[in-house]
Structure formats: C-alpha cells, structure tokens
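Okay, here's the structure, questions in a sec.
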Amino acid sequence: MKYIATIEDKEYEIEILSETRVLIDDVPHEIDFKHLRQYLSFSLLVDGKSYETNIYQDNSDWEVLLRGRQFTVNVEDERERRLRLAAGHISVHKGKFVLRAPMPGLVIDIPVAEGDQISKGDVLVILESMKMQNELTAPRDGTVTRIQAKVNDNVERKESLLVLE
Amino acid sequence: MFKKILIANRGEIAVRIIRSCRELNIPTVGVYSDADRHNLHIRYADEAYYLGPSKASESYLRGDKIIEIAQACGADAIHPGYGFLAERADFSQACQDAGITFIGPKPSSIAAMGDKQAARYTVAEAGVPVVPGTEGRGDLSDEDLLRLAPEIGFPLLIKPSAGGGGKGMREVQDIRDMAGLLTASRREAEASFGDDNIYLEKMIQGARHIEIQILADQHGNVIHLAERECSIQRRHQKLLEEAPSPFIGDDEKLRQEMGQVAVQAARAVDYINAGTIEFLVDKDKNYYFLEMNTRLQVEHPVTEAVTGIDIVKEQIRIAAGHPLSRKQGDINLNGWAIECRINAEDPYRGFIPSTGMITQSLLPAGPGIRVDSGVYSGYQITPYYDALIAKLIVHEETREETIARMKRALEEYRVIGVRTNIPFHQALLEDPDFLAGNFDTQFVDDEVPPFTGHQKDKNLPKIAALAAVLAAHENTQRSAIVIRRAQRDISNWKWMGRWERTNK
Amino acid sequence: MFKKILIANRGEIAVRIIRSCRELNIPTVGVYSDADRHNLHIRYADEAYYLGPSKASESYLRGDKIIEIAQACGADAIHPGYGFLAERADFSQACQDAGITFIGPKPSSIAAMGDKQAARYTVAEAGVPVVPGTEGRGDLSDEDLLRLAPEIGFPLLIKPSAGGGGKGMREVQDIRDMAGLLTASRREAEASFGDDNIYLEKMIQGARHIEIQILADQHGNVIHLAERECSIQRRHQKLLEEAPSPFIGDDEKLRQEMGQVAVQAARAVDYINAGTIEFLVDKDKNYYFLEMNTRLQVEHPVTEAVTGIDIVKEQIRIAAGHPLSRKQGDINLNGWAIECRINAEDPYRGFIPSTGMITQSLLPAGPGIRVDSGVYSGYQITPYYDALIAKLIVHEETREETIARMKRALEEYRVIGVRTNIPFHQALLEDPDFLAGNFDTQFVDDEVPPFTGHQKDKNLPKIAALAAVLAAHENTQRSAIVIRRAQRDISNWKWMGRWERTNK
Amino acid sequence: MKYIATIEDKEYEIEILSETRVLIDDVPHEIDFKHLRQYLSFSLLVDGKSYETNIYQDNSDWEVLLRGRQFTVNVEDERERRLRLAAGHISVHKGKFVLRAPMPGLVIDIPVAEGDQISKGDVLVILESMKMQNELTAPRDGTVTRIQAKVNDNVERKESLLVLE
C-alpha cells in the first residue's frame, strides 16, 4: 500500500511492502512497529534506530510526538489522493481559511474589517484566556471576507471567528 | 505547630504545599472551584471543601469564604501560595482578625511592598538603589505620566502599581505610542488586579533579572539564600530560572553584597517569612531594586535544590514562631539547578494557550529530576486559570551538566492531548548564547530562533511521517477487517492476526 | 569518550544507564528478549537489536551474541549493569578480546572477587578482617562441609561461591537440618549461577550490613564515597537502603577507617571502576569483610543523593581513561537518603510475586524524590526476570525528615493492576525500632509486625468498603440503563444523566 | 439501595440514600464521589475528609487502593445476599478451596499428599518464578482432596494446582 504523508509543505511517499519493510521516497528501510495503543505509546525501530513516539488522531490529521517535538501529519493513500486531485482541490493552502478560537475566551479586539487585505502574520483577533491576551494571527496572505465574532463576545473553543479567502 | 493548614490556592503550588505539610505531619484542607473538584490538590488534601464557581473572583479570590471554611473545619493557619490572595494585605489582616495564622508576612509589610511605587520609595530611603522612575510621586494621571516620560527617557516601562507576573506591563519606545499603551496597561491592570494605577520606570538596556531569596523569622533573624537568575522571559513572563546566576558566577563578593542589600530591603518593611527581592543588574554589575514579592515564588525550587532547604517547611516553621534553623554562615550552594516552566501553549503558533484534556501525562524520572505539577492523565485544562501545567527542575553539579540533564528530561516528558512549550525550551537549550550565559531579559523576544530545525537529528520529520503512516495503515486494516468480516475473508484475518500479535 | 555504548541489561538499570549516557551525549544501544520489545530501555535507547527468547540464558546471558551486536553496530563500549553478565570475568575478557571496552573492572579483578571463598582469602591476606568460615579451603563436598560445620559453630550460613543477591543462601541453626539445606542451596545456586559450589560462614548475631562504595581510576587513584546501610533484608534480599548508616551516625572515625579498609581491599585485587565492599558490623563496631560486588549496585542512588556524584557517569569516564574528578578530601555528605525497593509481590500473602499488567503507574513527585524504574502504564510483568519494578529514593536533611518524605512518597505512588510491597515499606517506616535505628539483618524476618492496622487512620477499611460500594452501585446503574433503555424508562435516564454529569 | 461490603471477615452495611448521602452501619454521612473512570482514579469526600482511591474489579471482587494499602472488597446487594443465603452458601470460608498458581512458574516441590490433613499456613506447593522460590500456603485448615500438578510442571497463571476441602 502506498501513502503520501505531508508535514507542513513537505511530502513523503511511503510504501508499506510488508510488516517489516517500507520504502520512503523509494529508499528501502527495515522497520519494526510496536505499540500500546490504549496508552498512545508507540515504539518504532527503523534500520535499528529506536524512536519512541506518541500518536493520536486529531480531526483528519495525525499528531506525532517525537523527542519533545509535535508533528502534525496529513496522511492520504493513493486512492484518496487521486480522488481529491480529480475533485480539483489541488492545494490545501488555497481556498477558504476559517479562523477558529483555539480555546474558550473573551474577544478583546478585532483589528481588521471585512474586505481588508491582510498579510501572513497580521493580527486578526485578540482573545483573552488563561489570564493572558493572545494574538491570533493570519496563517497566510488573503482577504477578510467575513467577521463572525465581535468585541466582548465570550466564544467557545473551535467557534469560528472570521473567514479569510 | 499548627493543628491544620488550609491551602488557599490550586494547581501545582497547592500540591507542593500539601506535600510539605504532610511531611511535617500537619493535616491539610483544600478548597475548590467548580472546575477543580477532581484536581490533585483536592485528592491529596486531608479535607476538601467547595468554594464557588470557576471564575477566580467567585472562588479563589473570596477571602471571606475561605476564612469561613477555615473556622468551620478548625484550621488554625492558611497558606496562600502565590497569586490569588497571596499579596493582599487585607486578607492577611482578615486572617489575623479571625485568629488564624497567615503563613506569610504581616499586613503592613505586604502593603508597604504591594504598592510597587511606594515600595521603591521606601527601599530607596533605606539606601537600596532603585531604577529611576516615577517613584514617590503617588498615583498619576495619563497626562502627568506623558509629561514625566521624557524626563525619565526612552525606552521606558509602564507598570501596574499592584502588579506582578508581567501582567499589564508595556514597553514604550517612543512617546507617540505611549497614550495607547497607557490605556492598554490600565485595562489589563484593572482586569488582573482590580486596580488600574500605573507608574513609569526607566528601561535598563541589556539588563538581567536576578533575585535574592530571603527568610526572616519572628525573632529578628533575616538571612538570604543567594540568587536566582530569571532573565529568560517572554513578555515579562518568566520561562526558565536558574540558581546560581551564570552572570554572577564566581563573583562571591557581588553575591554577598546583593544578599546583604536584600536583607536590608526586607528589614526596611519589618519583613517576616519567605520573600524575594528582585533586582535588575546591568552589564557593569550595577544592580537596582525592582520590587519585592512578599510570598513564595513560582521558581523557589531551584533555590531549594542548591541549598538543600525546603522553603515551604521553613515558611510554616517561621509562621509557627520557630527561629530560623540556619544562620547565614550555614548556607552553602551545592551544584547547579534549572527550572523550566511547562505551559500549555503552542510555541509554533505565537504561544497561544492550549485547552483540552491531557490524555496522558508521562513524567521524566531518574537522577536529579523534580517535577512539581497539578496535572495528570485525564486532566482537563480550562480557560479559567493560568497556563502553567508543571515545573521541571533539574539539579547537577555544573551548569553544563545541568543543561544536559534538562535536555534529557524534556525529551522524556510527554504531555499528550494538548500543546506545550517543551519545544521552546529544547530550542533555548541549544542556543549558543544561552549556553554561554550571554542573555538579558529581552533575549527571548529578540533572539530565540524558530523552533523547527533545532534538532540534531534531521530525520525526525521523516520518522514522524512514517509513524503516522503506520498508525493510519493499521487503522485502515482494522476497518477493513470489520467490513470483510461479513464477507468471511479468511486470508485477511490471518494477516491481521499476525499484525495484532506483534503489536499488542 | 566512547562513540556508542551498548547496555547489556534490561529494566530499571538499563534505563538508568541510558539516562547518564544521554546526558554525556553518547549514543546508546539497547538489546531485548522476546518479552522486552516494548520496554522502556528499548524505547529510550538510540538503537535497539533483538537478542533472543525471553529466558535469560537465551538472551541477556548470551555474551557472544551481545558482542556480535556491538561489533555490527559499532559500539565501542559495553555497560553490563548489575546481574546477568556484570560479574562474569569471561565476558569482561571476551569484550577485551573483541576490542570493546567493558565498563567495569579487569577480568582478573572480577575473577578474584567472583569466587566468594577465594575473595575472602585474598583480602584476609591483605589485612582485611573476614567472618570466620571455610575460606581458603577450596570447593568442598557436602561431607566435608558437614564435618567442618561444628568447628565454625551454629548458627551458620551456607553461601554459593558464585553468589550474590541472597540467592541460594541458607541459614543453618542445627546440624540435623544441614544436609537438606546443603542440597537446597546447591540446587538454587546451580539454577541461578550455573555453579553449585558452596561454602560456610559463621553467622554474626545481631549484625548490620554496611557497605562502602569505592571508585578507582586507571591512574592508581582509589577513593571511597562513604557507606550505605542495607540491614533491612528479607531472606537476604535487600529491601531498604540508606546513606549514611544510622549505626555509624556521627562516628566519623569509624566511617573513615572502614572507608580506608575498603580502599585497601580494592587495591588488593588491582581494582578499577566502581565497586562495593560489603561488611558485617557487630554491635561492638567490629567489622568483617563479607564480599565485594565488582559492579554497580542496585542501591547506588542513595550514595549519589548524599555525595552529589553521578556514579554511572563516573564509571563511563573511568572506563574512558579519565582520572577521577574528585579526591578523597572533596567528598562531603549532604543530608540523608533512603531507597525503598518496590517489588511486584504481595506482602499480605508471603511476598509471592505478582504478575500481570500494570494498568496505571502514577509516580510520586515534588521535592527530594527520585524514581528509577523500567515500568509504565501498560507494562506486562512476566515471570522471566526479577520482581523489582522500581526504586524510590528520597533525600532530605535529617533521617527523620527523610523518613517523613518517604512516607509521603509511598502514599502518592500508585501501581494499579498488580500487588506491590508498598504496604510493607509503610509498616516498616512506622516501626519504633526502625525509627530509632535499632535493627539488624534479621530484623524483617523476626520483627516486622503484620501490615494490617499500621495505618493511623482506623477508618480506612470502612472508606474502602464505601468506595467499592459506590463503584459497584454505579456499575449496576449503568447496566440497568442498558436494560431499561429498551423499555424507555425516562425517569431513570434522568437520574443517570445527573450521575454522569457529576462524575465525568 | 442497600449493600453489604466485606473486607476479610468484617462486614459493612452501606445504604445509598442519594447521590450525596449514605448510611454506613446506620450512621449517616455526607459524601461526594467523583471519578475519572478511564484512569481508575476516584476521589471520595466523606463528611469533608478527602480520600483518593483507585478502584478496579478483579473477578467478582473490587480492588481498592487507598493510601498505599490495597483492600479486596466483596460487594453484594440485599437481593444477591438473600439469594445466596437461600441457596445455602452460608459462609464463604467453608467448602472447596482451589489453590491456583498466582503466577506462571515451575513447580519445585509439593510437600503434601492427597488425603493429608493440613493446617492454615502449611506449605502446599513451592513454585519458582521471577528468580525466586515461592511458598504457596494453605489459607485455612482442611484436607487435601486432589493434587492436579506435579513436580517440574511448568504451570500457567491461575492454573489449579490442588484442592482443599
């Protein structure tokens, strides 16, 4: 079975040949993958190198905790990718971006207006939570097409605040 | 000694205080808000009582209710921890009026140091150097502050009079930005402390934040436990502390001199119990009084590690009227200690707080490692309190060895389900300037590189990709089994059986 | 320094060694048997290779395979830990022949101390006092031993020549029991060490087991790190160790004298690396050489706590040819340390081992606590290896405070799913004779009271009963819901809803 | 609902009046019971006193870990008890006792024979496991009616070794 794993912008093509052999970008590796699923604890040996990881699914992505770092990995198999490409979603970075509240909190400020052209890194919303004021910034350039929250709103986690296109 | 101690706090510090009480064989009382019924401090306390709704103003800040509970259950002392009621002179007074010992300084000492402006004036009078600012001028209006600012010079800091922990603080680089920053600072000060008074202070460029821990008993003895370096801050929030300070290093003369000045500052307000004098130290080793924290500090464990003194036990003994167990000459520093504050926040996305459930919390262990935490597997992080989920403290002989041990501990530590700032600490501990001891309080805001790519093993993303694919693949196989079970696809069952055998 | 170290061990000690290697920035190689693929030492090592079936004789005792793996992966040093191959002169020799550094003494030193009888003879020649016995007479038959026994006098001990850890040891009170005990001892010795030679030793009544940790480099420097007291044993298995010894206490003269004798014993066999000289000390402070352990000891962490020295790092530095980082005069003892060995065994049922899955393992934390362990939530305890699941080490200033801290730690420690000896340690730490320091190596067998009722809170059984009823009640309600769901019993749903809300 | 909880020989009669009130041997108590079931973590407040416990079911009994001690609690409700008493099982300590291997191991010795009268505490089987020889003793007086294992057998956990009546 062949899969495509994406971390940020980098893609890895991984083919599972057997329980102990894989190809990563066409390079063969000996592997041994063992887990205590209930405890989210995974041990992976790759050509003798040992990696302890914790893996769990968050929405459609996989969260992989490895040596203190957390990687968000998108995994598709060949068939899924073909279907998605055929449907025209060529890039995950185009199209609508919905800014959702990463935690419950109080909206302190929304320093943008509908129609504003904004750049990656611009502050879109200031949200107070856990005794701190937090700046939610734009993940990419775009236009604010819709603002769904207003100052002084108490918002729930994952509530959509505004839309960027 | 006390019959029973009520801990008017929550989280890691409540747990930490309960631990010392238990070792002193003193029963403890925990109090909890709606959000905290299942928290460790409630499960570890000998008694537990409900305080109120989750918002701090309706629970942990309700001094009246807390005193009521203490009286009802027969607690004869209250430990306030840090934050919440710890630096409220009126609460210390109310305890005294109710015949309950407040484990901390007298109301008058808290008041004298609590108003940051007044404190600067008091210690300056006692001969302690202070950073130039608007001290001794009382509470000023925005107009007055705008007028005085050019006298002090830029850059300068706006600080809440009732402040602490960096909340409400603002840096001003240019007078044109100042009006807006004054408004923002007052708003945050009002929200955090219920007091919107602010003052100005010159900003010392390239300064280090170095503080002295002191202990003072009821018999006139005051000693210091040397310094902690807390220059690693992000927006005035301390992130990593160490003892001793790499800046002071072997300069025993400076260490003792600052210690003596700290003792002098404590004496100026007739201080009793544990307290901390914060200094800014410039590159020429001039030091300036910044403020006094009239309570236990978050970072007290690094001092405990190098001195061997349990500061919380000392606090309790002092409050019970015991003389200090040690004289200044008995204090020796052994080795080096570093504390990393582990916050539930995402360093990759502007350090925004991360809420949700910690599905697994796996602590680092082995030699020289201490974890102070109030969280556990199954803990729900709520938006009501701060983002600190644990303090990781390591101790070894030299700074270099301590850093190596901390790196090992950070790698072992697993907090699954929420994001933490562990990668931030990992990046910091690889930074050449940090390793060389070359940093100031602006270091993190200015200098720390992005967190990606600091790992020596460049293969990590590839391995993460492989791990995710294997987990996903197995999930697919599992689903396939369920579907094909109906179709009695025996061959697939066999494959699955092998997979399960090797992976269970 | 080494390029890569292979750890020829498993469990807590393999993890402990990996931790020090990581802090020294040396890559590690783990090896595993079938039973141990998911163990911590494999997950924490940088590389991991399969060794063989679960039985130790087919995996961790296969020196040949281990050296093969080391050569294949480029490891230039092997750390043997304790047990398994740690005291096998032939393995140390084989490493040397293969050009791999064995992190431990030379083969000749291991051989000289490995035969317990020969060792007694050697050190006695060097002027070290030994307990009277059959030393210097070679391997004897049962007939010879039965004949010599009355000369030594009863009670006496039968000990395996190749022994260690109490395995195969038998006490003889009366010559009539002796024949059977000889057989049993030889059988256990053969099973444990592959060598059924045994010898006799007079039993010192009321003796204490006190041992001296030494460090010796390749440049002729030998120092001692003072003593550990290990008198708390059950059937010659150590259960609790402390440093310093409450028996030696302030007798600095005795401490230094025993230390010097230990150094002398080490020099007698040209010793290099870390080692331990075990003594029996009678009530008049006469001390007798018992044996030398030519390896890292299980209980080394208590010495690390009071001296501040990482013994494993020192072992590695010594093996790499570095001179000792400290002289004898640099060794100072700070505070008090105690280690409790946490075994998977049931103290209420004759200490029989407990196998099965540890469904949750929750570590104690906070100041002064160290846990060395190879287990975790989800760990499966197999019958192949020993019952030690963790070592709990605490450090405080005085013995009294250290005991109080240990009691607190034992209460916090949760191992769910298997039985442990934690209640044994709790009972021991309440025992007045233990608290007073009045005990000998027979103490646990003779004196420790039953474990029920040692708790101050007499209500505990009632609370346990209530907790079980509430858990059972809730289970019943849950089942009832499932049944009644079909019957659409709305009122019950409401009740359940409330229950779930308040309990989730 | 009324329950009878038994720990060793001691019985507690516990009646649940509501979510916050119980009677223990007719004495009323205010309680609050809160748990993270998935993590076997239970917090119990009884008249303000706080107890942290870990509870799990092992066969028909409940294992309760409390302040370092582990209690094995048998819980019956009134109906179960009535049925059991009616069926004539008056005491749990009479009748057949089956000695089962507490862990996998090798049978080293069986120092009793069928028909032997033995006393509580007598050694019935010596089993080697985890590098130790372990003595399995009689929990009460009785007669050995059947021996199902023999010396040098490798036995599995919970395998029955002999029967005492």
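Per-chain numbering from 1; labels A, B, C and D assigned in written order.
One rule holds for everything that comes next: a residue touches a chain if its C-beta (ideal position, glycine included) is under 8 Å from a C-beta of that chain, and two chains touch if they have at least 3 such contacts.
Quick caveat: nothing in here was measured; it's all calculated off a predicted structure.
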item: Each chain counted as touching subunit B and subunit D at once; value: C
item: C-D or A-C, whichever has more C-beta pairs in contact; value: C-D
item: Gap in Å, rounded to a whole number, between the CA centres of subunit C and subunit B; value: 37
item: Distance between chain centroids, defined by C-alpha means - subunit C, subunit D (Å); value: 30
item: CA centroid of subunit A to CA centroid of subunit D, Å; value: 49
item: Per-residue overlap in subunit D, given as positions that touch at least 2 other chains; value: 34-35, 39, 41
item: Per-residue multi-chain contacts in subunit B, two or more chains; value: 44, 360, 376-377, 411
item: All touching chain pairs, where touch follows the definition stated at the start; value: A-B, A-C, B-C, B-D, C-D
item: In the complex with subunit C, residue positions of subunit A that touch it; value: 32, 34-36, 38-39, 41, 43, 45, 48-50, 52
item: Subunit B residues touching subunit A - in the complex, by the definition given at the top; value: 167, 188, 191-192, 344, 346, 349-356, 359-360, 383-387, 410-411, 413-414, 416-417, 419, 422-423, 426, 451, 455, 457, 460-473, 475-476, 498-499, 502-503
item: Touch list for subunit A against partner subunit B, complex; value: 1, 3, 5, 7, 10, 12, 14, 16, 19, 22, 24, 29, 31, 33-35, 37, 39-42, 44, 46, 51, 53-57, 62, 64-71, 73, 75, 77, 102-105, 127-137, 157
item: Complex contacts: residues of subunit C adjacent to subunit A; value: 30, 37-38, 42-49, 73, 376-378
item: Subunit C-facing residues of subunit B, complex; value: 15-16, 19-20, 22-25, 44, 301, 304, 308-310, 334-335, 360, 362-363, 365-373, 376-377, 396-397, 401, 404-405, 407-408, 411-412
